[in-house]
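Submitted below is the structure of interest, expressed as C-alpha cells.
Letters A, B, C and D mark the chains as written, and numbering starts fresh at 1 in each.
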Amino acid sequence: MTTNLTIGKAINAGLRRAMESDPKVLVMGEDVGKLGGVFRITDQLYKDFGADRVIDTPLAESGIIGTAIGLALRGYRPVCEIQFDGFFFPAANQTFTQLAKVRRRSAGAVTVPVVLRIPYGGGIGAVEHHSESPEAYFAHTAGLRVVTVANAVDAYWMIQQAIASDDPVVFFEPKRRYYDKADVDTTADLGSAAPMHTARVARPGQDATLLAYGPMVKTALQAAQADTEHDIEVIDLRSLAPVDYDTITESVRRTGRLVIAHEAPVSHGVGAEIAARVTESCFYHLEAPVIRVGAFDTPYPQSRLEEHYLPDLDRVLDGVDRAFTF
Amino acid sequence: MTTNLTIGKAINAGLRRAMESDPKVLVMGEDVGKLGGVFRITDQLYKDFGADRVIDTPLAESGIIGTAIGLALRGYRPVCEIQFDGFFFPAANQTFTQLAKVRRRSAGAVTVPVVLRIPYGGGIGAVEHHSESPEAYFAHTAGLRVVTVANAVDAYWMIQQAIASDDPVVFFEPKRRYYDKADVDTTADLGSAAPMHTARVARPGQDATLLAYGPMVKTALQAAQADTEHDIEVIDLRSLAPVDYDTITESVRRTGRLVIAHEAPVSHGVGAEIAARVTESCFYHLEAPVIRVGAFDTPYPQSRLEEHYLPDLDRVLDGVDRAFTF
Amino acid sequence: MSNNTAQKQPELVQLLTPEGELRRHPDYPIDISAEEMRGLYRDLVLVRRVDTEAVALQRQGELGLWASLLGQEAAQIGSGRALRPGDMAFPSYREHGVAWCRGIRPRQLLSMFRGVSNGGWDPHEYGFHLYSIVIASQTLHATGYAMGVQRDGALGADGTAVICYFGDGATSQGDTSEAFNFAAVNNAPVVFFCQNNQWAISEPPERQARVPLYRRAAGFGFPGVRIDGNDVLASLAVTRAALQHAREGQGPMLIEAFTYRMGAHTTNDDPSRYRVSAELEEWRSKDPIERVRTHLTNEGIADDAFFAEVDAEAESIGERVRRECRELPDPDPLDIFHEVYAEPNGHIDRQRADFADYLASFEDADAEGVR
Amino acid sequence: MSNNTAQKQPELVQLLTPEGELRRHPDYPIDISAEEMRGLYRDLVLVRRVDTEAVALQRQGELGLWASLLGQEAAQIGSGRALRPGDMAFPSYREHGVAWCRGIRPRQLLSMFRGVSNGGWDPHEYGFHLYSIVIASQTLHATGYAMGVQRDGALGADGTAVICYFGDGATSQGDTSEAFNFAAVNNAPVVFFCQNNQWAISEPPERQARVPLYRRAAGFGFPGVRIDGNDVLASLAVTRAALQHAREGQGPMLIEAFTYRMGAHTTNDDPSRYRVSAELEEWRSKDPIERVRTHLTNEGIADDAFFAEVDAEAESIGERVRRECRELPDPDPLDIFHEVYAEPNGHIDRQRADFADYLASFEDADAEGVR
C-alpha cells in the first residue's frame, strides 16, 4: 500500500518505524523533542516515544555525538540530528577521531551504530552556515558510511537502512527538497529495498552519463529532459562512501562521457574522487574528460547570490555541453 | 651566508626572524613555551621573547584557534602550533567556520593573519592520532591557504611567508623529515624567496611527471633515481591551496604522464582534485590516466603496520610502472 | 530521567522594579541624571521600533529572516550604554540593541537578514564585531581580543575592555567553557554577558544547565552575577562595574541577564509548539520599557510631550528602516569571489573570470535572441 | 600578564597520611580489613613493577612509547578497587593501575605501546574501555554510556555506575565541560575522576585553570571533592562513595585526585627542560606505596615474609611482562583492512585484494630472484 509522502515526512515515517521495531533506537539533538526539529523531521516522536528516546540535548554538537557514541557502546542506536550542515563542525573531533575509528581501534570488539542526520545544501534563502554541502569531509574519513537521498522512497528506506547498519552512517538530507513528494509503499519489508550502497540509474540514456546526488538529482533530471540534442543517462549516486563504481563504470563505458554535478564547491568535492577513479578505470572509453559542475571555491555567499553560486539547470547544461566539445 | 639546518631548525629560525622583525608576531599552543614544543620547533623562543609572545595555552585546540582569531582582530599575527595532525579536529569549527570565512564575511574589513602549524604524516612509529595527513580537509575549505615543505630552505622561507601573508595559512610540517638538512642562506631577503604559492620542479625529466609534496618529495626523488628505465620529472607541489597548475600542466603536456603521491588516503585526497583538473586541462596530452599513490582508505593503522600503509619507494615505483602500462 | 530538581532562583540584582521604583544595591550604586534616564527610555523605544519594523519587513518578504530582541531591550541597551567608545563588543545575532548603542545603522543590520551581505559593517569602525551565527564561536574571539588588549598595555582606569554577548543555550558549547577558562587563566579584560532569555529555540534552561548559569563562572575562578535583565539600570550599572573591573586588570566577569524572549526564536519559528502563553503573560508584566516609562512619569522626569516626541521619532525611524531596507542594493554576482582572500589568488581569479564569461554568454545570447 | 594569584590549596580528603597513620574523615568513613590492606599494597607494588618494566622495555626498543603512571598508583588502585564488576570505566592512556584492577593483562596494555594494535582488549569483557588518546574525548563517551545505564533502568543500590578518568590538562578541553554539563542535566550515573598530576606535558596547573579543579563541578551543579591522590584509602573510600551516589541515581560527582607525575610525560619527554628537581623530591616524601608499607609495618599487619613474597611476585611479573612483550605477534599486513567497517564494504575489499596481489608480486619476484 503506497502513501504519498514528502521527503521530510518519509524520513519521519522511517524514523518512527525504526523506533517501533527496535526499542534501542533513540533520537537526539537540538530541538528534536516538542518542536520536532526545525524542519519537523522528528515531529510527534517525542509525544509518542517520550523524553528517554527522543532527547532534547544541550546546545553542543560535540556533546551530542560524543554521548551518542557512549550510548552506542551501551547497546543503543542513536540517531543524531545536526540542525544544519554548517553546525556540524564542533562535532568534527568526535566524528572523525572517535565515531569513525573506534570499531577498527577495538579490532571489531566495539560497534557504534550511530546515525548522523544532516540537512544540507542551499537554495532556501538562509543566512550563513545554513546552506552548505560538507559531504566531502566525511567521504574522506575512513570508517564512515555516507549516504544521501533524492526522493521520498529512498528517504523512507535509507534512513531505516542507516539505522539498521552496524556502521556509523552520515545521512545527508537535501533540505530544499524536503517537500518533494512521491508514493512510498510503507508496508513493504525493509529487506526489499535496494541496498543503501548502490547507485541507481534514474534515467537511462546513451550519449552521456550525468551523475548527481541529493538535491542535484532533480536538477540533473531536468537537464537531461531539457537537452533535446543528446540522450542523457542520469545516475543518482545515493551512497557517497562507498561509491557504487560498478553502476557508474558500466554506464560510462557505454556513453563515453561523464558529467558530475554537486552543490559543494568543485575543488576537492566528491566529484574529484569519482572523476579521478573513473578516468583510471575507463580511460580508453572516455571521449572527453570527466566534467564537474559545482559551486565555486568560495564560502557560501549571502543568499541573494546563491542562485549564482549554486549550479543550476543552466550550469549543468553548460557542463554537458562542455563534455560534448571534446 | 648559508647555514646547514634541519627542517626543524629552519622553521625555528624562520619563526625567530619573523618575531624579531615584527613585534605583532606571537607563538601559541600547547607546550610551546619552556619545552619549546614536543618537536622543539619553538626552542628558545620563550626564553628570548617572553611569556606574552610565546604563549603556553590551556589544552584546548578550539580555544587556541579561537583566541588566535581574536588576537588577529586586535592586530596580532599569531602562529599556532597544533601538537600533532590528529589533534587538530577540536579546532575544526573555529578553523572552518570562522578563520577561513571571517574576511569574506566582513567584505574585507577584517583580516585574520593566523598561521596554523601542523606537524603531519607518519613513519615515526607513533601511537594512533600522531601520524595522519589531514590536508585535504583544509584544501577543500575556501578561505584558507595550505602549504607544506619538503626541505629546510623552503621551511625557512615559507614559514616567514606564511606569517607575512594576510590570509590564514595552514602550514604542514613533514614531521618524519624534521631532521633532513640543507644549506639555507639566512641572510637573504624574504622577498628573494620563491612565492609561497608556486610549485617547484625538483628534478627535470621527460617521460613522466611525478608530483609529491611534504614528506613524499624525498621518496619521489628516490623513485625517480631508482627508475633507470624512465626519465622522471619530479614536482614538489609546496602549495596545496591554491595549486600552481601552470607548472604542473606545463610538465604534463611535455611528459604525457602524471603520477601523484601523497601519504594521505587516496580517496578524496589532494591527488583526486589535481588528477581531475589536470585530466580536464591536458586531456589530449595524457598517454595514461593520472595515477595516484597514497595510503589505503582506512584509519591509520598501528605503527607496526605503517610501513605497509604508507606509500613507500616500491609503491611509488609501482605507480610509475602503472602509468607506463597504458 | 531528566533532572527534576527545579532550579532554585537566586537573588537578582535589580535597581528598577517592574513598578518603576528605584532600589539601592550596596555593590552597584548608580547615580543617573534625568537626561540619561530619558536617553535610556528613548533607546529602548527606538530599538523596539526598529525590531518591530524588521519583523514586519520579514513578513512582507523584504527580509529572509529576523531574530527579534523583543523583551531583551533593557539587557542590551543597559550594557550597550555602559561601553566606552574604545571598548569592543562581540555579539551573537540578536544584539540589535547593543548595535544601536555602538552606532550601527539599522540598515546595516538588515543587510545580513535580507541576504545582501554576510556581514554589514566594519567591526573596527564601530567597536562591534560582526554578528556570529555559529553559537559560542565569538566567546573565544572576544577572549583572544582581550588578550591582545593586555599585550597592547591598554589596561588601566582609562583602558580598553571587551564584552561578549551570548545566550543561555550558548553556555552549553565547549567553546564557551574554553573561553571562560582562557579568560580566567590569562586574566583577560573581558566581560561575558549572557542573556538568559529562557529559551534556546524550543529548549528551556533546564535542558542546558542544572543550576543557574551565573554560577558557572565561579568554577572557572571569576565572579558571576545574575541581574534582572529587564531592568535597564541594573544592566547599565553592573556592566559598567564589570567593564571597569576588566579594564583595570582584574580579569573577567560573567553577567547573567535574566530576561525573556517575548517573540519567536526567529521569524521562522513557531513557539506555540513548545511554550505556554501563561509564561508570556507573566513576563509581559515585567516589560523592560514600561517600568522606565512609569518611573519617568512618577518621578516627573518626563512629560507627555517627551513621550510623544519619542513616539514620533520611532515612527520616522520605522519609516526610514522600511525605506532603507528596500533600497539595499543587491550584490553583484561577481561579489561571490570578493575578499575570499586578502592576497592575490590565481585560482579564484580564474574562477571569477570564467564566471564573468559565462554570465556574458547569456547576455550575448539574449542579445542575439538565442534564448 | 598571566594570572599570578597563587592557587590557594584547599583541604584534601586524606585517610592515610604520608607517615602511614590512619585519619578519620566524617564524610568518608572507611572500614578496611588487614587482608584488604595487604591486597592494596600488593596491587600498588605490582603495578609499579609493570610500569617500571614497561619503561625499560621502551628503552630497549621493545615498545614505541610508554606513559608511566609512576606516582599515581594510589589514585588508580584505590579508585579501581572501588569499582564493581558490572561498572564501566573510561580511561585516558595512563590508567595502567585501573586496568590492572579490571583484570586487563599487562601484555594487552603493551600491545598499543608496542604498535601491534590500536586497542588491545575487548572493553565489554573487562568493563574497561579502550585507552583514549585524544584528550577528553572519553568524557563524553562515559557520559553517554551512563545515560544508557539510566535508560536500561540499571540504577539502584546494586545498579551500575560509570567512571571516567582524565588529567588536569584534559579539564581545559571543551569536551570535558560538555560532558560535565550533559551529565548534570541528565543526572547521569558517572563519576569524573581527574588525576591532577600537576603537569600536562610541560604545563603546570596554573596554565590550565585559575582555581582548584574540583571546584569546576559546582558551576555545573554537582559535587566536587579534592582528595590526596597519593592516599590509596582516600581514593578507595571517596570513589566508592561517589560511585554509590551515582548508582543510586543521585547523579555525577567530580573527584580531583591531587597527585604527582613522578616520571616523564612519556618516554619521549624530557622533563628537565621545564621542571625543577626540588619539586620531585618533595613529592617523593609523599610516595603512595611507602605510606602503605609503613602503615602495614607499624600496625603489624604484614611481616617481612609478606613483603618478600610481594617482591618476588613483582619480580616474576616483571619477567613475564618482558617475555610476553617480546612474544606479542606482529600483525599481518592485511590487518590494515580489518574491521574498518562492520558490514561488507566492496571498496575496502577491493583495496585489500589489490594489496594482497601487490604483496604476492614481491614474493613471486623473490622466488624468481628478480628483486
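Definition applied: a contact is a pair of C-beta atoms (placed from the backbone, for glycine too) under 8 Å apart; a residue touches a chain by one contact, two chains touch by 3 or more.
Everything numeric here is computed off the predicted structure, so don't read it as measured data.
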**Request:** Starting from the Cα centroid of chain A, hunt down the chain whose centroid lies farthest away.
**Result:** D
**Complete:** Between B-D and A-D, more contacting C-beta pairs sit at A-D
**Request:** Could you tell me the distance, in whole angstrom, between the mean C-alpha positions of chain C and chain D?
**Result:** 44
**Centre-of-Cα separation between chain D and chain B, whole angstrom** = 35
**Asked** So how far apart, in whole Å, are chain A and chain D when each is placed at the average of its C-alpha atoms?
**Response** 40
**Fill in**
chain A to chain B, mean C-alpha position gap in Å, rounds to 31
**Asked** Can you list the residues of chain A that touch 2 or more other chains?
**Response** 52, 57-58, 60, 62-63, 86, 89-90, 93, 97, 104-105, 128-129, 142-143, 241, 267, 297-299
**Message:** Can you list every residue of chain D that touches 2 or more other chains, as numbers and ranges?
**Reply:** 1-2, 117-118, 134, 150-151, 172-175, 178, 181, 185, 207-209, 340, 347-348
**Message:** Using the touch definition from the top, list the residues of chain B that touch chain A in their complex.
**Reply:** 62, 86, 89-90, 92-93, 96-97, 100-101, 104-105, 128-129, 136-137, 139-140, 142-143, 241, 265, 267-273, 275-276, 279-280, 283, 288-292, 297-299, 326
**Asked** Where on chain D is chain A touching in the complex?
**Response** 117-119, 121-125, 129-130, 134, 137, 139-152, 174-175, 178-179, 181-182, 185, 338-343, 345-348
**Message:** Going by the contact rule set out above, which residues of chain D touch chain B in the complex?
**Reply:** 1-2, 64-65, 93, 112-118, 133-135, 169-170, 172-175, 200-203, 207-209, 268-269, 273-274, 330-331, 333, 335-337, 340, 347-348, 351, 355, 358, 362
**Asked** chain C touches which residues of chain A in the complex?
**Response** 30-31, 33-36, 38, 51-52, 56-60, 62-63, 86-87, 89-90, 125-129, 267, 296-299, 301-305, 308-309, 314-315, 318
**Request:** Going by the contact rule at the top, pick out the chain D residues touching chain C in the complex.
**Result:** 1-3, 150-151, 172-178, 181, 184-187, 206-211, 215-222, 251
